[in-house]
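Some structures to go through are shown next.
Same chain, two partners: subunit A is paired with subunit B first, then with subunit C.
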Partner chain A sequence: MKKLPLLLAAIVLSGCSDQKIIEKVGFTRTISFEKAEDAEDGRIKVSFSLPKTTQKESIFYSTEARSMRQARLIFDRQNDRRIVNGQLRQVLFGASLAQEGIWKHFDSLLRDPSVGNRVHVLIAEGDVAQLLNKKYPQGSTAGEYIDNLIRTETKVMDVPDTNLYTFARDYYDDGIEPVATILKETPNSIIIDGIALFRGDRYVARIPPEDKMYFGLLLGGVRAGDLFLDFPDERYSSELSTLLYFASRRNVKVTRTGPIMDGLGLKVDLRLTLRGSMLEYNGDLHLERPEDQKKLEAEAARYVQGKCESIIATMQEAKADGIGVGQYVRNTMSYREWKKLDWPEAFSRAKIDVHVEISIKDFGKIQ
Partner chain B sequence: MDIRPTPEEAKAELTLAYILDQFKDCADFTHRSFPNNGASVVYLSYLVGNDELLREIVKPLSGANDEEAAALLECDPYSATQDATACLNGILDGSAAIFFRGRAWLVGIGRPIGRTIEQSETESVIAGPHDGFVEDLYENLAVLRKRIKSPKLKTVFLSVGEITRTTVALVYLEGIANREFLGKLIGRIEGAEIDGVFESNMFIQLIDDNPNSVFPQYMTTERPDSIASKILGGRIAALVDGSPSVFSCPTSFFDFFSSPDDYYQRWMLGTALRLLRIIGFIVTIGFTAFYVSVTTYHYEMIPHTMLLNLTESRSKVPFPPLIEALLMETTIELLREAGARLPTKIGQTIGIVGGIVIGQAAVQAGFTSNILIIAVATSAIASFVIPSYVMSASLRLIRFGLIIMAGVLGNLGLFMGIGLVVIQLAGITNLGASYLTPIAPVNFRDMLDTFIRGPFWALTKRPSITRTPNKIKNKMKK
Partner chain C sequence: MREKLNWFHVAVLVYMIEFDVTAFSLARVTAENIGTNGWFALVLTSMAASINIFLYWAVYRIGKGQSFFQIMESFVPRGPLVPAYLGLAAFWVLLGSLIGKNFVIVSQMLSFQSTHPMYIFLLYCLLVYAMLVKDLYSIVKATTVFFLLSFWMNALVPYFLSDWKAVRLTPFLFQGSERAHSLQGWAEVFTAFVGYELCLFLFPHSDRKTKLFRGVLLGHLLISAAYVTTVFVTYGFFSFQQLKELQFPLINILEYLELPFLNRLENLVFMFFLFSNLVTTVMFCFASLSTLRHVFPRAKGKTLETVIVCLVFASGFLTKTVRESDEMLRALYFTEMAIAFGLPLLLIPMAYFANRKGRGIEA
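Entry: the complex of A and B
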């Protein structure tokens, strides 16, 4: 009982310096980094966007600084509430900055314990500050708009959910390179404009938005995708068809046919299995006939295979293994061998074959 | 002043003069003589029933001569006594003492005093028996005997309170209740030295293992069906005269969260209700504290759409969340206490004034945030789903401690507080049985009837906490 006052004192007097009472702090929702126009001594343009409590507007600060922390100190001098990072939802990197490497800035986000792992990592084309500071007819602030956009798009898994965790994981992991979603401003919306491929922390190539679904297929495990097949020429018997609500599986097989050091003796078979419903069809096939159904399946598979191979060619050209083939290659060899291997180089020369199998469960309700 | 009989008093000779002397200045004490045979009758007039008086005393004695009276008093309802203290106690219990030819007889002619059996106010059920215990001990015993018609249902009468001499009856099933617990309980009750006992909830504080704990350690209830099932489970029930609450032991913490109607519903529904009460328990001790902690320290944990609303609402409030929460919690406790004191009809007005006027106006005036009103109201409502009123009052007190801990140290403080509560719970024993059974010591079979209400085919054994010598209670095959 004599110790009770001591215990009480320890609890009550232990100071309240860490208090962050919610109405006295300003929550950063979006942070963006981009190249400053006349960059001197490594300064970049850092912008913070803080939603107002009315939810319809946001406060926007932008300055040139050498790091995020330095910028925050400048913003803290102007903001009436203490700026905190605990409600951060997304971080945007300007495309031109990303081409020079982003790890420096990324690292300061990773170190901050109040920043969550699921903060979206995005690449933005054009003027990022303007993209963030604009009013969009979609309603709420740009920050919330982007957050919701990424959430709904990543649900179906065709756009990889690139957040702090996956980016850092892929950055550090062997045999895979990080990717990030690209955003672009249009006159009255923000649009997903493809997928950025990284080598290390540098943005090196881009998958166009029309092909993002095929990238999703290659990455594996699309749960409820939506594929639009626009058959290009006479070699196909249909004009266009849409495969809705399909699920896909990926199977990677690595065989070594020769010395691996230059990547030529490496054969990778990517087997993709798609299964779904087809609900839109224009063409001459009579889909009530089983042989025509088979034909359509085969043609669609051929089409998807072509698309996937062209994406792989893009990645090989950029030496950016965004789909993680390297992890399967790594599993076939000893660690010492792997360490000696220059994977980006080997990847660019490896022979990667895509095999696609499509089975259409049903052809819509008119059948 | 020591009012126990002094050795001289205890040795006093039983004479009419002695009794008259003891009861002098008692205006309700009646002395009545029958001249035809010289008998004297004394009794406390408001304790005895008129019919009984007429039947046992006035009619037989007024027409009897000397010899007839002597013969009559040898017969059954009249019991001869030589002990002065016993005679005094008999008169105080509602008997009449008959003095005849220098000897004394007692005859019980007391009438039951108190209300008739009616539904319990504090523990009402929708489906199930609606009778509740009343103040009269013998009535309560009768209610139990009607439910358990077995000669194995044994009763022990003890007396506590040196002035009040309140009767405490222990009821148990021979061969099912643990004798060790029974011996311990009798020892405790006999060891209680106090001038008076008026209520079982008061009495149990005199005989529990941890008098300084905030938690009630004996389960009290006003429902006979609940007590009957406890006795069948191997527990010992104790009835205190003058109190409609009956307590049973040994008790575990989780007994306070079960209600007899869990067993009257289908088992899945009963399980859902049990789980709901566990949720209620967590909400009632922690919800407001969590609000304080989150708004003071952990803004990261709030979903961001709610965060902005909350900030908007909080921005008008001049107090930090800790003060705000303590103010509102105190207000709601004031309301609750006022509602309990007021007559039912005015109580409803309090509900309207408190619930609507204070709730609405406090938010509009910028006194509190509306989310806090929700938190406070939810935890107040949650405290009432706990069937035991005594337990729910204890939990409401703990809530204040947790709010302060949360306001000072955030989630760390909140969980330190919960840790302290768990330490306290783990330290409590009831007649030496662990309060946290079946979590510590762990017993998975008992958990079937603790956190969930398992189907009857699964409940084949009596609870382990009772240490019963007869474990099987259900021999039915699935």
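Entry: the complex of A and C
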């Protein structure tokens, strides 16, 4: 009986064989996939970026391989620490690779239990490896910089937080298509350059960065957005104004006006309500007058409506329902009808109207 | 005098017995077998389990609290029953063991990938032994602590609501399942609730003050509520097609947890599932132990407990991969379901006639 504690200790302590000592592992922060220069036998260019312990610099590996794992085996042969994916924060797909479809590579990320599902999914324009391997004046490493940038931007919800979870969720859902944020390198920064619309796993169209807020409105539920309204012509009595800290709500109503199978008998009303502060205004209206305030609200609504409609036109042309109208259409149909419906096709032909209502909470410190 | 259980303890115990590895894949199992809005199937199967619990209540009432063995032996002589007892005891050991081994295999997806699974299972078996050598009252006390350690996880539900959308539930009921609707499909959903039948072995540990069946039903309803809520949230959090693809939707949803100072929280949270699986294994072993004690009343000291835990460990060698483990466990759960429904149907008439016979002698 006296030997029992000894035996127990022997058993329990031998558990220390499976260790991961933090100084002896290399944490991948960013993985990127892009087209290889000569894309023979399905090879792509895979790059890994691992921050050094100082967090100021990173180690960068890049190679041509057929999959992420194959590339990692090559990097493992070079790196003095064991590479692990547990702290992966973002994956970048080159735009031209994304146009051909990314699911093959996406699958190996989803399958890996060590990769969390909050990893940002981003599309990068230009040379992705170069974007990742550059030093930026924003300090820290490119990986850290991107992570912070996306986190800050998605706080206001105008850029959807596109991560492994949302991308896979919308990819599998037959009533919505996935979207992803686009990044681009500038001489001294990385900039968000719009939103990529997907059909299935292919990148098919792009929402320009100036319009990303309108896309956010259409997607629903902006929490604290900023909207710069640059009234274009004489049809508006104002030049420009900026709506700040606004919150939005979206309401989708689907009515069937005829046979639905070709999408023509489908009418969708998107009702957007915005409420925020107007903290910048140039124009002829006298904002101290309630009737002018109302006029401004109506003008702003008209402006937003026009923008949203042009985004919907872009999406319809690309047959990419990135805002999930299909989920609501699905709700009005029987299962058999829905399964028969070719939603991307029907979406491209559906009549989608946007109705915008803006209420301005206050006009700042001056009347 | 031996301490009797309290209904609260019984509720906690039943909750923890029913709460096991099936929880990880439950949402997928409902999506695959039942289809859209499969969470509702859990409500229906939970009701079926409640009917089964009602049958055990009938056994308890009609048999006036006599134990399983007393009722059986009032009708059939002990001799021929022994092989059946041994068979049941072996079966429960196997079931408890494979639940534990399945948990080890699943947990190795997340951590300790390079450790030998049987080594981790050995530690698991030591924990089982440590609990099993105590009397039921002590097991229940430990279970209450474990219950608190795992019950708080239900409070994580609101965290997922910001990404939860009712529209993802779809208006379709039970459509788009992988296979045609079948009894097997429904039975597979039902496996989530297997475990309440062990209340049969609590009869000798309760008296009128225990209000045994209030506890059993409450525990069952509590775990049903937890399962239905979890699966319901999962259906609105993931898309339906995605649910069918995810091996363990519960682990995936936990992966989404993040604190400002800590991410990948699921590795921490996951370990709390150890306790619920531990209690499940221990209680199946307890059923086995009760049976073996009855067969070998003169066994000394901790012999039976040691034998059981050794068998649990040995049975662990039977499965090595997730596929093997899932397949075997499914077969065992189906058998256990048949036992769960079969036993009271067998015992009710026995108890009834035993009662009449007993009264006849008295008169």
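FYI, the second predicted complex is superposed on the first by the 351 of 367 C-alpha atoms of A that agree within 3 Å, B and C clash if a C-alpha of one lies under 4 Å from a C-alpha of the other, contacts with A are read in each partner's own complex, and residues count from 1 in each chain.
We take it that a residue touches a chain if its C-beta (ideal position, glycine included) is under 8 Å from a C-beta of that chain, and two chains touch if they have at least 3 such contacts.
Since this is a predicted model, take the numbers as computed values, not measurements.
J.: When the two structures are laid over each other on chain A, which of subunit B and subunit C touches more residues of subunit A?
T.: C
J.: Under the stated touch criterion, which partner chain does A:116 make contact with: subunit B (first), subunit C (second), both, or neither?
T.: both
J.: A:86 contacts which: subunit B (first), subunit C (second), both, neither?
T.: both
J.: Touch test for A:169: subunit B only (first), subunit C only (second), both, or neither?
T.: second
J.: Looking at A:307 after the superposition, I want to know if it touches subunit B, subunit C, both of them or none. Which is it: first, second, both, neither?
T.: Neither partner.
J.: Is A:53 touching anything from subunit B or subunit C once the two structures are fitted on A? First, second, both or neither.
T.: first
J.: After lining up the shared chain so the two structures overlap, which partner does A:23 touch, if you call subunit B first and subunit C second: first, second, both or neither?
T.: In the superposition, A:23 contacts subunit B only.
J.: Kindly list the residues of subunit A that each of subunit B and subunit C touches, one partner per complex.
T.: Comparing the two interfaces on subunit A, one with subunit B and one with subunit C, the shared residues are 11-12, 14, 18, 86-87, 114, 116.
J.: If you look only at subunit C, which of its residues touch subunit A in the complex?
T.: Touching subunit A from subunit C are residues 36, 109-110, 112-115, 119, 122-123, 126, 163, 165, 167-168, 170-172, 175-176, 237-242, 245, 251-252, 255-256, 258, 263-264, 266.
J.: Given the complex with subunit C, which residues does subunit A contribute to the contact?
T.: So the residues of subunit A in touch with subunit C come to 8, 11-12, 14-15, 17-18, 86-87, 113-114, 116-118, 165-166, 168-176, 324, 327-328, 330-331, 334-335, 338-339.
J.: In their complex, what parts of subunit B are in touch with subunit A?
T.: Residues of subunit B touching subunit A: 295-300, 302, 304-305, 307-312, 314-315, 317, 320-321, 405, 408-410, 413.
J.: Looking at the complex, which residues from subunit A come into contact with subunit B?
T.: Residues 11-12, 14, 16, 18-23, 25, 27, 29, 51-55, 84, 86-87, 89, 114, 116 of subunit A touch subunit B in their complex.
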